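Paired with chain B in one complex and with chain C in the other, chain A is shared by the two complexes that follow.
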Partner chain A sequence: MTVTRAPAETLSVLDRPNSYIGKTVPRPNLDRLLQGRGQYVSDLELPRMAHVVFLRSPYAHARIVAIDADAARRMSGVIAVVTGRELEAVITPWVGVLSHLKGLKSAPQHAIAVDRACWQGEAVAAIVATSRAAAEDAMEHVVVDYEELAAVTDMRTALDPATPVIHASLGDNLAFERTLDAGDVDQALSDSEVVEAEFVFGRHTGVTLEPRAVVADWNAAEARLTIYQGTQAPHMVQNIAALHLRLKEAQVRVVCKDVGGSFGIKVHIYADEMATYALSKLLRRPIKFVADRVESFNTDIHARDHRCRGRIGVRSDGTITAFEIDDLTGIGPYSMYPRTSAIEANQVVNLVGGPYVTANYRARARVVFQNKNVMCQYRAVGHPIACSITEGLVDLAASKIGMDPVEIRRRNLISDDAYPCASPSGMKFEQLSHHASLAKLLQMMDYGALRAEQAALRTRNIHRGIGFASFIEVTNPSATFYGVGGAKISSQDGVAVRLDAQGSVICQTSITEQGQGSESLTAQIVGSVLGVSMERVRVILGDTDNTPYGGGTWASRGAGIGGEAALQAAKALRQNILDVAAAILQSRPAGLDIVNNRIVNADDGAPRIELNELARIVYFRPDTLPPGIQPELMATRHFVPRQYPFAFTNGVQASWLEVDTETGFVTLLKHWVVEDCGTIINPQLVDEQIRGGVVQGLGAALFEKCIYDERGQLTNANMADYLVPMSGEMPDIEIGHVVSPTQETELGAKGAGEAGTAGAAAAVANAVNDALRPFGATITEIPLTPQVILTALGRI
Partner chain B sequence: MSVPVPVSLLVNGERIDAFVLPRLNLADFLRENLKLTGTHVGCEHGVCGACTVRVDGEIVRSCLMLAVQAEGASVETVEGLSDSGEIADLQAAFRERNALQCGYCTPGMLMTAQDLLKHLPAPDRQAIREHLSGNYCRCTGYQAIVDAVEATARMRAERRA
Partner chain C sequence: MKAAAFAYARATSVMNALELLAAHGDRAKVLSGGQSLMPAMNLRLLSPDILVDVGGLAELRGIAVRGNLLVVGALTRHVDLLRSPEVALHASLLRDAVAHVAHPAIRNRGTIGGSLAHADPASELPACVVALGATIVVRGPAGERRIAATEFFKGIYETALSPDELLVAVEVPVAGRGATFFFQEYARRHGDYAVVGLAASAVVAAGRFSDLRLGFFAVGDRPLLAAAAGKLINASVTSALLAEAATALADELDPQEDQQASPAMRRHLATVLLRRCVAALLARSELEAGVTR
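Then we have the complex of A and B:
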C-alpha cells in the first residue's frame, strides 16, 4: 500500500489502540447467509398474503384494444384481475425527469399500461391469486386484443423525420441532449494527428441472482402500508410510494432485510412494484410479487446501449491535444423513475478524457426513446463507456505515433502533485494518484517481462495482448447528483449509536446492505472509535421506522458518507460515556479513555470501570449518580459532503489475455487493478468489491448483451442465452492500492464499489486489439464475441 | 395434473409425508411446503445453480426435478448440512475469505463445492473453477470462492495426514 499524503500530526480516532480500521475482519452475521437462514423478500410469507403475476405485452408497441378477464376471474384461487385503468383509482402516474438535466423530457408512465404498451414486457394486467401457480394458470385465460403499432427499435434512426414518434405529446423521440465545448478543439485537432473510431456498447443488464421482489402490506385499520422490498434506498421508496398512493410518508414503512444482489438494479422504482403497492391498498391484504427470470430480463433496467463516435488529437511527442465525442443512446420508451435515464449519457460527457491533462474537449450526447425495455443506472453508470472511449482512443493514438501505451499515459495523465484541479467538463478533483497507481501496476504485473513473453509467443503463432485502462470514478455524491434536480433522494446519511444496559452497542444506520459490507464497516468504525469490541456492536439497517433518514447504499457512497456519520456518532457517544464515567469516578473526562470495553486512565491505561458496570449504574442505579448528571448514552449524527460535489477516486487496470485467431475465443489470463479509494476500512471487503466489479465489467467485455430483433423482441431473455461470467472463464485478479484520503471527512474514505466495473472492459478491449495488432485489426465494440473477433479478422 | 398425489421422502433425515401437485418442483416444495428457504430460486430453468440440493448423495438442480420424483429419496439441503456440521469447515473458510456477498448463490455454491471435495479431495484451482461453473455468482467474481474451497481442501488434507 502506498500512502500519498503524510499522516496528520496527531493521532486521529482511527489510529486508536485496537482499531479495526484498515484491518480485515470477517463481516458480522455471515453465518445466517452461510446456513441458508437469511431473510430475503422472496422467502417472506404473511397471513392472508396473495400473489400477483403480470400479464405482459408480447409486442414492443401496441394499442390495447380490449382486455377480457372474465374466464380468468372465475378460476379457482383467483382474487382479482386488475387492468391499468382500474388501478389508476389508487395510484397516480409519474414522469421521470430531473430539473437540473435541462431539457430532459419523458411521458407519464402508469403502474400498469393504460391503452398502450410501449415495450415487450410492459405489464398490461395484474392477476392476483392465492398462489403464484394459480395466478399463472389464470393469466393464460386473460385475453388481450392488441393492435400492433410500428416499433422504434434502432437508436440511429429514432430521430429521423420518417420514424414514428413514440409519445406524440413530446413532439419527437429525443429525451435529452447535452453539449459541451471546452478549450479550442478545432485548433488543437488541426495541429495534430487525428484518430477516429466508432465505439459500440452492447445493451446489458444486472442479472441479480435474486430477482426483484416485493411484499406490500396495506393495513386498512392502521391506514399504513408496510413494504418489504429488496432495495438499496428504503427512504426513496417510502417517498415515492407515499407520493403516488396519496399517503403521507409516515403512513409508509419500508423494510429491507437480505437482498440477493443489487448492482443498481434495485435502486429504482419499477412499474410492477408500484402496481404491487397499489394492489395491496386496493385489495386490503398483503400482496407478493417476485419477478421470474424471463420477467427480470424484460423489465429489470438495462444499461450501456451506446454508440459513440470519438476523435483524439495527438502530436508525435505523445501529447494528447483534444478529445471529441458524439454519443448516442437509446433508453426505452420512458425515462426511468425517479433517477431518470439521462444520467448515464450525462456521465459519459462528464468523464471522457477525465484522467488526462488535455484541456480541449468537445462532446455531444443524445438520449432517444425506443420501444425496448427501459435503461437506467447500473453499477458504474457511464464510467465503463467513458473509460472505453477514452482509453480506446488513447491506445489508437499511441499506435498511430508508434508509442508504447504506457508511455503515452505517462506523458498525459494529470500529475499527482497538480491537485486540486478540475477537468474540462468541470469535474473537481481533490487528490488523485494516476502516476503512483500506474507505477505500482507496472511493478505488480512485471510489464517488461510480459512484453517479452508476448513477443516470444508471437513467433509460435500464439497471440496474447496487454491492455491498460486508467480511470476516474464518481463516489460520495453530494446533493448535486439528485437533490438539486428535485428528486427526494437523500444525499446525507444518519447513524444513531447507543450503549445498552449490558455494555453492548446498538447502531442504526440509514445505509443499506446488499453484501458490500455496510454492516461490517459500520461496526468496525463504531467499535474502533468507542473502544468497544466488534462483537458487542449490533448494526440495524434497512427499516425506515427504525433507522435515521438517509440515502442508502448506491453510487459508491455507503462507506464514505454513512461511514463518516458512524464515526461522528460514535465520537459523540464516546464523549457522553466519558462524561458519565468522570462523574462516577470523580475524574475529568479528558483524563479517561475507553479501551477494550472498559474505561481506563488516559495516561497510564489503568482500568477504572467496565462499560457494562457503567451502563448498569446509568440504567438501574441513576440515584447513585451526582446531582445534575443526566447521562445520554445515545448519540445521533448525520453527514453529507458539501465541499466537493463528488469525491473522485482513480485507478488503473490491466488485462493479459490470449486470442485464438482461429475460433475468435478470448481466454483471460490475468487481471490487475490498482485503486485509490482513500482510507481503507477493511482491505478484504474493498478488494472483493473491486474483484466483483471487475468481473461484471469482464462480462460486459466478452459475453453480456440483450439481443433485440428489429421488431423490438428480446430474443435471449433467459440465463442460458444471456451469458454471464462463470468461474471457469474468469481469471485471478490481483489488486493493489494507493491511498489518498479525502480531507473532507475525518474518516477519509471514498467509494470502491464501482471502480472494478469502470475500467475492466476498456482494459480487455485494448488487450484484444494489442493481441490482434499483427493482423491490422482494430475492434471498438463490446461484447467481444467470437463472431465480432472473427469478423474483424476477415475470417467470416 | 390438478389432483394432489402423495409423496414420502426424507428431508435432512426427517420423514416427510405430503400431498403435492404433480407439477410442483422440488425447489418450490422445499421452500413453500417445508419452509426450507435456504434453497434459493434464481432462474427456474436449471442454469444458475442457486437451487442445488443433494438427492441420494448426488447434487441436483431442485428446480429441474419434480417433488414427486423425490418419492422415497433422501434430500439434503443447506440447512441439513449446516446442522449436521458436515460443511462447518467450508462455511468457516467462506466466512474468513469473504467468499460471499449477497449470499443468494451461497447455499448452492456450498453444495457444489462440498460435492467436488467429496469426489476430488485435492483439486487445483482450475478444477475448482470448472466444477463451480454451473453455479453463478454475480457479486464476488469467484476468486474468493475458489480460494475458500482450495483452503478447505488443504485443511481437510492436513487433518487426514
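Then we have the complex of A and C:
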C-alpha cells in the first residue's frame, strides 16, 4: 500500500493499541448469514398476511379500456383485485424531478397504472390472495381490454417531430438537457489532430440475488404503517410513503433487516412497492410483495442506455487539447422517483475528461422518454459511461499519434501535487493520486513483460490485448447531490453509541447493510476508538424507530459518512467514560485511557478498572459516585461533508485478454485495479467491494444487455437469456491501493463500493481494441459480443 | 413464477407409468430430472394436469455393455455420464459433451432420457447420439420401438415420441479400432446452451477418415448430421478440400436467428468448428488456419 501523505505527528484515534482499523476482521454478521439465520423480507410471516401479485402490461404502450376481474375475485384464496383507479383513493401520484436539475420534467406516475400503461411490465392491477400461487392463478383470469398505442422505443428518434409524444402534457419527449462549454474547444480542436467515435452502451440492470421485497403492515388501531423492506435508504422510504399516503412520518416505520444485494437498485421508490403500502392501508392487513425474476427484469431500474458521440483533440507530443461529447440516453416513460433519471446523464457530463488536465471541454446531454422500463441510478452511476468515453477517446488519440497508451496518460493525468484543484465541469478534487496509482499498476502487471509476451504471441496468430482505464469516482456526497434539489434524502448520518451494564456496547447507525460490510466497519471503528473488543459491540441498523436519522448506504457513502459519525460518537462516549472513570478513580480523565475493555493509565498502561465494573457502578451504585456527577454512557454524533460536495476517489484499471479472431469470443485473462479510497478500514471488505464492482463492470463489457425489440418488448427477461457474469468467465482480479485520506474527516475514508464498476468495461474495451489492432478494427460498443466482434472483423 | 396446480403420481413400474400416460394422454407430462420441465412450469409455459414421476424406476437406470452396444438407461444422470468408466471407454464423446451441459447442480439431476426427449436443438446430448449412430429405445402401449437417433429428432422440442410413450434407453455402438471423437462448442458462458457446437465421431486410419460423422447442434431446428462430412471420407484432406467441405456445410445449414447469433454468424462458426475438428482429428494444425470462406 502506498501512502501519499506522511503520517501525522501524534497518534490519531485510529492508531490506538489494538486498533481494528486497516485490519481484515471477519464480518460480525457472517455466522448468522452462513447458518441460514438471516432475516430477509421473504422470510417474514405475519398473522393475516396476504400476498400481492401485479398483473403487468404486456404492451409497451397501451390504453387500458376495461378491466374485468369478476372471475378472479370469485376464485378461492382471493382477497381483492385492485385497479389503479381504486388505489388512487389511498395513494397520490408523484413526479420524479429535482429543482437543481434545471428543466427536468416528468409526468405524474401512479402506483398502479391509471388509464394507460407506459411500459411493458407496468402494473395495471393488483391481485391479493392468501398465497402467491393463488394470486398467480387468479391473475390468469383477470381480463384486461387494451388498446395498443404507438410505442416510442428508439431514443435516436424520440425527439423527431413525427414521433408521438408519450406525455402530451409535457409537450415533447425531452426530459432533460444539459450543456456545458469550458475553455475554448473550437480553438483547441482547430490546431490538433481530432479523433471522433460513437460510443454505444447496452442497457442493463443490477440483478440482485434477492429480488425487491416488501411487507407492508398497516395497523389501523395504531394508525401506523410498518414497512419491512430491503432498501438502502429507510428514512427516505419513510418520508415518501408518508407523503403519498397522507400520513405523518411518525406514522410510518421502516424496518430493513438483511438485504440480498442492492447495487443501487434498491435505493429508489418503485410503483409496485408504493402500491403494496397502499394495499395494506386499503385492506387493513399485512401484504407481502416479492418480485419474481421476470418482473425484476421488467421493473427493477435499468441503467446505462446511452449513445454518445465523442471527440478528442491531441497534439503530436501527446497533449490532449480538448474533449467534446454529445450524449443521448433514453430513460423510460417516467423520471424515477425521487432521485430522478437525469442524474446519470448529468454525471456523464460532470465526469468526462475528469482525470486529465485538459481544460477545454464541451458537452451536451439529452435525456429522452421512451416506452421501456424506467432507468435510474445503478452502481457507479454515469461513471462507466464517462470512463468508457474518456478512456476510449484517449486510446484512440494515442493510436492516432502512435503513442503508447500509458505514455499519453502519463502526459495528461493531473499531477499528484496539483491538488486541490477543479475540473472543467467544476468538480472539486481534494487530493487524488493518478500518477502514483498508474506507477503502482504498471509494476503489479509488469507492463514491459506483458507487451513483450503480446508481441511474441502475435507471431503465432494469438491475439491478446492490454487496456487501461483511469477513473475518478464520486463518493461521500454532500447535500449538493439531492438535498439542494428538494429531495428529502438525508446526506448526513448519525450514530448513537452506548455502554451497557456489563461493559458491552450498543451502536445504532443510520447507514444500512446490504452485504458490503456496514455492520463490520461500524463495529471496527467503534471498537477501535472506544478501546473495546469488537465482539462486545453490537450494531443495530435499518430501523427508522431505532436508529438516528440518516441517508443510508448508497453512492459509496456508508464508510466515509456513517463511519465518521461512528468515530465521533465513539470519541464522545470514550470521553464520557473517562470522565466517570476519573471520578471513580480520583484521577484526571487525561491521565486515563481505555484499552482492551478496561480503564488503564495513559502513561504506563497499568490497569485501573474494568469497563464492566465501571458500568456496574454507574447503573447500580450511582450512590457511590462523587456528588454532582451524572454519567452519560451514551453519545450520539452526526456527520455530513460540508467542505467538498463529493470526496472524489481515483484509480486505474488494466485488462489483459485474448480475442479469438475466428470466433469473436473474448477470454479475460487478468484484471488489475489500483484505487485510492483514502483510509482503508477493512482491507478485505474494500478489496471484495472492488472485485464485485469490477465483475459488474465486466458483465457490462461482455455480457449484460436488456434486449428490447422495436415494439418495446423486453425479450430476455430471465436468467437464461440475460447473461450475468459468472465465475467461470471471470479473470483473477489483483488489487492494489494508494492511500490519500480525505482531510475533511478524522477517519479519512472515502467510498470504495463503486470504483470497480467505474472503469472495468473501459479497460476491457480498450484491451479488445488493442488485441484487434493488427486487423485495423476498432469497436466502441458494449457488450462486446462475439457477433459484434466478428462483424467488426468483417468475418460475417 | 409459481407453477399452476398439478396432480402428481410417482410411477411404480414402467408398466404403471405407461398406464398413467395412457389414462391422461397429453394432459400428462413425464417428470425425470425436472431441470427443463420445472422451469417451464414455473414460468407457466407448460401447465400439465398431472406429472408422472419416473424417478423411482430402477429399470431405467444404469449403464451396461451388451455385446457391442453400450446401453444407457434413460434415468442416467448427466453426472453419471461424466464419471462412468464404461462411457469413458466406449463412448467418451458423451463424457466430453456432458461436461458442457449446464452446471454441477443441474448435472446432478438432469438425465439423458430427459435431455433427448426434451430435444432442445442447442443441446449437446442429442447431437452426440446422432454422431454416434445411436438407437433410442422407447416403450409404449404397443411395446418397444427402436428408433435411429437420426430419425428421432423432428424439430424444436419435437421428437418421434408420442405422448403415451416413454424413452427407456439409448444404445450406443461401442467405439471400434481407430475411433476418435471431437467435441467443441461455443457458448457465451460455461454451462450455457451452445451458440454453435459440434459432436464428431470418426475413424482415422493412415491419416485419412474412413468414417466421419459430424453432429452439429444449435444450427437448426434439430441436431444435424452434416452431409458435407462425406467429402472428407476416404480422401486426402487438403486445405482446398476442407474449404470445399466448409462451403458445402454452410450451404446445407439453415440456422435460426436468436439473441446470440445471426444465421451468418452460425454458418461462420460452424465452418470454424469444422476446420478445428478436422485439424484436431487428423493432428494437422495447419488445416485449422488455412481456410477462410
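In the analysis below, the second predicted complex is superposed on the first by the 796 of 796 C-alpha atoms of A that agree within 3 Å, B and C clash if a C-alpha of one lies under 4 Å from a C-alpha of the other, contacts with A are read in each partner's own complex, and residues count from 1 in each chain.
Simple rule for what comes next: contacts are C-beta pairs under 8 Å (C-beta built on N, C-alpha and C of every residue); 3 or more make two chains touch, one makes a residue touch a chain.
All values derive from a computational prediction rather than experimental measurement.
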First, second, both or neither for A:N461, with chain B first and chain C second: second
Partner chain(s) touched by A:Q684 [first = chain B, second = chain C, both, neither]: first
Partner chain(s) touched by A:M726 [first = chain B, second = chain C, both, neither]: both
Chain B versus chain C as contact partner of A:R293, first or second or both or neither: both
When both partners are placed on the shared chain, which of chain B and chain C touches more of chain A: B
Touched partner set for A:R711, first chain B, second chain C, both or neither: neither
Which superposed partner A:L30 touches (first chain B, second chain C, both, neither): first
Touching partner for A:V695 - first (chain B), second (chain C), both, neither: first
Touching partner for A:Q514 - first (chain B), second (chain C), both, neither: first
Which of chain B and chain C A:D43 touches, first, second, both or neither: first
Those residues of chain A which chain B touches in one complex and chain C touches in the other: 133, 292-293, 718, 720, 725-726, 728-729
Complex interface listing, chain B residues touching chain A: 21, 23, 31, 36-45, 47-48, 50, 77-79, 82, 91, 94-98, 100-107, 110, 125-126, 128-130, 132-146
Of all residues in chain A, those that touch chain C in their complex: 132-133, 136-137, 140, 292-294, 461, 662-665, 703, 707, 715-716, 718, 720-721, 723, 725-726, 728-729, 785-787, 790, 795-796
Footprint of chain B on chain A - complex, ascending: 26-27, 30-38, 40, 42-43, 133, 206-211, 258-263, 292-293, 514-517, 684-685, 688, 691-696, 718-720, 724-730, 732-733, 756
Of chain C, residues touching chain A in the complex: 1-5, 43-44, 186, 188-193, 195, 259-262, 264-265, 268-269, 272, 289
